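Here is the structure we will look at, set down as structure tokens.
We just call them A, B, C, D, E and F in the order they show up, numbering each chain from 1.
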Amino acid sequence: MRQTLYVINPNSSEAVTAGIDAAMAPLRQPDGPRIQCVTLADGPPGVQSQHDVDRAALSVQRFAQEHLGDAAGFVTACFSDPGLHMLREMKGSLSFGISECAALTAMTLGQRFGVIAILQGSIGRHWRTWGAMGIAQRVAGEVAIGRTVAELSDHAATLAGMVDAGRRLRDEHGANVLVMGCAGMAPFRAPLQDATGLPVVEPTQAAVSMALGRIQLGW
Amino acid sequence: MRQTLYVINPNSSEAVTAGIDAAMAPLRQPDGPRIQCVTLADGPPGVQSQHDVDRAALSVQRFAQEHLGDAAGFVTACFSDPGLHMLREMKGSLSFGISECAALTAMTLGQRFGVIAILQGSIGRHWRTWGAMGIAQRVAGEVAIGRTVAELSDHAATLAGMVDAGRRLRDEHGANVLVMGCAGMAPFRAPLQDATGLPVVEPTQAAVSMALGRIQLGW
Amino acid sequence: MRQTLYVINPNSSEAVTAGIDAAMAPLRQPDGPRIQCVTLADGPPGVQSQHDVDRAALSVQRFAQEHLGDAAGFVTACFSDPGLHMLREMKGSLSFGISECAALTAMTLGQRFGVIAILQGSIGRHWRTWGAMGIAQRVAGEVAIGRTVAELSDHAATLAGMVDAGRRLRDEHGANVLVMGCAGMAPFRAPLQDATGLPVVEPTQAAVSMALGRIQLGW
Amino acid sequence: MRQTLYVINPNSSEAVTAGIDAAMAPLRQPDGPRIQCVTLADGPPGVQSQHDVDRAALSVQRFAQEHLGDAAGFVTACFSDPGLHMLREMKGSLSFGISECAALTAMTLGQRFGVIAILQGSIGRHWRTWGAMGIAQRVAGEVAIGRTVAELSDHAATLAGMVDAGRRLRDEHGANVLVMGCAGMAPFRAPLQDATGLPVVEPTQAAVSMALGRIQLGW
Amino acid sequence: MRQTLYVINPNSSEAVTAGIDAAMAPLRQPDGPRIQCVTLADGPPGVQSQHDVDRAALSVQRFAQEHLGDAAGFVTACFSDPGLHMLREMKGSLSFGISECAALTAMTLGQRFGVIAILQGSIGRHWRTWGAMGIAQRVAGEVAIGRTVAELSDHAATLAGMVDAGRRLRDEHGANVLVMGCAGMAPFRAPLQDATGLPVVEPTQAAVSMALGRIQLGW
Amino acid sequence: MRQTLYVINPNSSEAVTAGIDAAMAPLRQPDGPRIQCVTLADGPPGVQSQHDVDRAALSVQRFAQEHLGDAAGFVTACFSDPGLHMLREMKGSLSFGISECAALTAMTLGQRFGVIAILQGSIGRHWRTWGAMGIAQRVAGEVAIGRTVAELSDHAATLAGMVDAGRRLRDEHGANVLVMGCAGMAPFRAPLQDATGLPVVEPTQAAVSMALGRIQLGW
């Protein structure tokens, strides 16, 4: 029986998982699937490099394989969507990636989206994703705040960096909607929206909300 | 208080609205918004030409304006999405178009989608939409079944036409997911999927499922 | 007998129509079609929102329908080209849109064109048009001068804003040709060209000049 | 004084030039510029290879340099537009290419244009042009009739080949407008249009009609 | 000291590696780096699914990490380029992927390349690669021969399938250069070229030849 | 017998040829083809305009025709690749262009490349090339240093200009790899790389290294 939507944090940080879990509150419904956020203990502390992404992919796949029996679906809660296309090959699995769903959601909120990346070095990887999705024309640009996953714990400085990046994306790159290029930052969504005057997409919420609808449809 | 998701059939056919309404069954939940499918009495019998689309757009906008008070959101249930961008300008409104959401959903089910159009003459209009969405690279092609909205009532012939079109899109155009380019054809989804071996997107269900998630998020 | 090329200003401002009419001087020829610039009394004061565009579209269509008998062709003289694709469906009608023809003309004058928009809020709509036309790759960028249609009557300030926008498009966005994203501003073309050193396209003149050639050909 | 629009046939075939000249009839006006079609005696018999194109380019440039004094503008009447970008560098010159203008004109007549090429070997060169113009998304496809410039003199066989190619472009490639990929074939335009039911663009007429408008504007 | 270019066959088939090794003959030079073709014993028998790709990626990365000391560079000799972007992150490593280099090489041999895939199910994955590379416009299409890696050992049937696919790509899709979408098939290159009249790219040779040049440059 | 790879400097500057020749040192091998850098005495002093490019094209073609007998291949060592597509038509000739190969090489070193142009006026021409190659999506931008070919002889000022341009491309345009848009500047590659922290492609070396591999393969 399909009953749980697994939201998989592929890094090993329980704090990130807790942040994701809190962000699920508006999406939990008595008659919907259970939404369970899990930490992959064997994941890297943060997914920063391509090596991290590819290692995490196999952990995500293993987790999904083990939980296929009671899974309503899987969301890969890392902006590099490790393992997404592997999950899509598994029969009987619904799978969604947070960068993919963030982009698709942004495309309903504005014409050109700007992405706030955490690290400069991830931007090339993201562009490969936008290219693979065939949507590069909708990307106004990416700006990195230049903080490691560890440094993100200084919330005030992180938010300030995101606001700066958001304003640059709006004013220099012509973005009219923003995407937060990281999981676990839902509390910054509203202040970032207020500070920039643009709609802001939190990617895990975007992916889970799309997943819930598709679970209902059974597609 | 926001409480109803209006699914607006912009043509005047009650039969089409009834079909759409039946397709909403899996998406209705006790604790979700009410999903109400409405017929625009002043709409054309079928939306076939650009003139039909543009006339319908204003009817859709009028309806939305009048129901903004109790609306959780609006879905324009016609594959030309009449009025969608007008609705998006209205403050306090969430709006989704079925061709847009069908495409975005197909992009999570395959790499290149094929569209089964009803009439040859609509295909150019659809390509304008895929271009405006910046996703033309993901479109394998479009094939029309060549039946007027009226002729669609012969279900067996219509399904046969859709299966033929779906197979051409798969074999000649390289589609690995199909989109039904019309509202009100949900019953054909499963047989079309079986006959072609490809996932099939029914656009109104796709749009409503995305709308429900976003209503929960309040974005 | 086809004898008049109607240039339809879809807003209700007679002043704008008068400006358009004056710009037609170099295009009027004794043996060419009559060029008549008309104001749609039922149009909005200025076309600024998508709602304005879609309302104007039906007015434009009605006007064209009524004048089809003696029309050599129609030009929709508003940078959002309201009703253009409806007109193209009408048998016996030649129709041209000013944003479309401005872009096509710019593509013969430079490799990457920059658009000077009036309002920030129109830029997303314009990008949908460039996308639908499949020419987004040729667009260097858009910069808005941030003035309402009403404020445009302060000519000195408007021109200064256009020069600033044009220089930003040239220096930051890499444009080597400029498009004025508004009807009725023909007098600014030459000074803008002088101030930026780039060729500048006035969209209504661009569209009418293309229309005249096609009327001669009878295509 | 600017008074002649030169339509330059870069091959040495007087017959081709005569055909082009006849096609100018509807575009000649008492108060417009003189339209003079010229043959470049030092051109190749037909422009078929890239070598032909590049050789022709310098002849075209030389001709234009010599006639700059009395030229209202130049049209390069060969579907490979030899020398077009050289002419554009010449101060005081207006220049138009027939493949470029054919494509831009087709973009106002349909959403996806199909090109009827003469030789298979030219198609790659044409795709480079559509790519350089940034409009590849609008090209439905190209089909060659496989006849040398010399064989084109069998008019019945040539027309039959063009009709076949046009129908393939319509039915297999999804074109809804056709472009004749050769100069000097204006008489085939109407029968091709009748046989395929699609609008057909004759490139030299398209280019000259655009040139005339721009000459009037003085841009 | 950098001295060996490792060509990594990520599947466990020694026969495939032997085929790749034989194809290296023309690229081996006394004064160039040693070219060593290796089989990853822990790889899947054939790389067919995304799961195979992602599993192979980590094996490839491990191998490269262990051999970084004496490596002049690495080539991932599987058409899905497992691990390529991980290798590119490793300091002191030069890495090339065979699908990437096959595409880049094809772009110097023709304007639109067609890909002969082994399995239908890989085509979507390939399109993600062409999209990520930003070159989808250059891809005429893909046709699969529909044989598993195991069935490829029937050489006559495999070649016949490739010739059929190549002709379809040429005649229906408009390809003017072909790419073999698999490693280890170098002996088919010449007969495929003869049978289709188009240049054919063998991907491992293409990648190794590019790698050798870059090793010389030290970039 | 094929024995010499000709690197053709299409301008008449022996100093440029000498610089190119020096840059070939790492690519010369005892058992490889002879690499001979030649100056076209009848070329323009520098290739700056489209007229220069098109004139140079014929000189390049003539040279290649005369040396086809002993040529292993040809490289057009000017960033506008004069004559490249003519050379590709010659039977028995392998030809590579330096802008084409620079771009293809950059695509293996980063996701979005920035081009340092010499003159502002060349940028539009370069964009036509990127468009024709179908890779515009990979181009982050171009910035010109604004020096004539003559002024390039002040090395310190030229390098300073290139560093400034490289940093703008990195910081404002988002480039993560740079291409030097000129032949004969190999000595600046390393310092530019150091100053910007990005990999830098020297186009003639890139082209010759690709050519050498292809000569070995005999494709």
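Quick notes on this structure:
Here is the rule we use: contacts are C-beta pairs under 8 Å (C-beta built on N, C-alpha and C of every residue); 3 or more make two chains touch, one makes a residue touch a chain.
Just so we're on the same page, UniProt names per chain: A, B, C, D, E, F = Aspartate/glutamate racemase family protein.
Every value quoted in this text rests on a predicted model; they were computed, and no experiment measured them.
Contact with both chain A and chain B is made by C, E. Centre to centre, using the average C-alpha position, chain D and chain F are separated by 32 Å. Chain C and chain F have CA centres that are 41 Å apart. As a whole-number value, the distance joining the C-alpha centres of chain B and chain F reads 51 Å. With touch defined as above, residues shared between interfaces to two or more other chains in chain F number as follows: 125, 128, 131, 133-134, 136-137, 172.
By the definition given earlier, chain contacts exist for A-B, A-C, A-E, A-F, B-C, B-D, B-E, C-D, C-F, D-E, D-F, E-F. By the touch criterion given at the top, residues 123-125, 127-128, 131, 136, 141-142, 172 of chain F touch chain C in their complex. By the touch criterion given at the top, residues 26-27, 29-32, 96, 100-101, 104-105, 107-109, 133-138, 199, 201, 205-206, 208-210, 212-214, 216-219 of chain E touch chain F in their complex. Those residues of chain F whose C-beta lies close enough to touch chain D in the complex are 49-51, 54-55, 57-58, 61, 83, 85-86, 88-89, 125, 128-129, 131-134, 136. Those residues of chain A whose C-beta lies close enough to touch chain C in the complex are 110-112, 137, 172, 174, 176.
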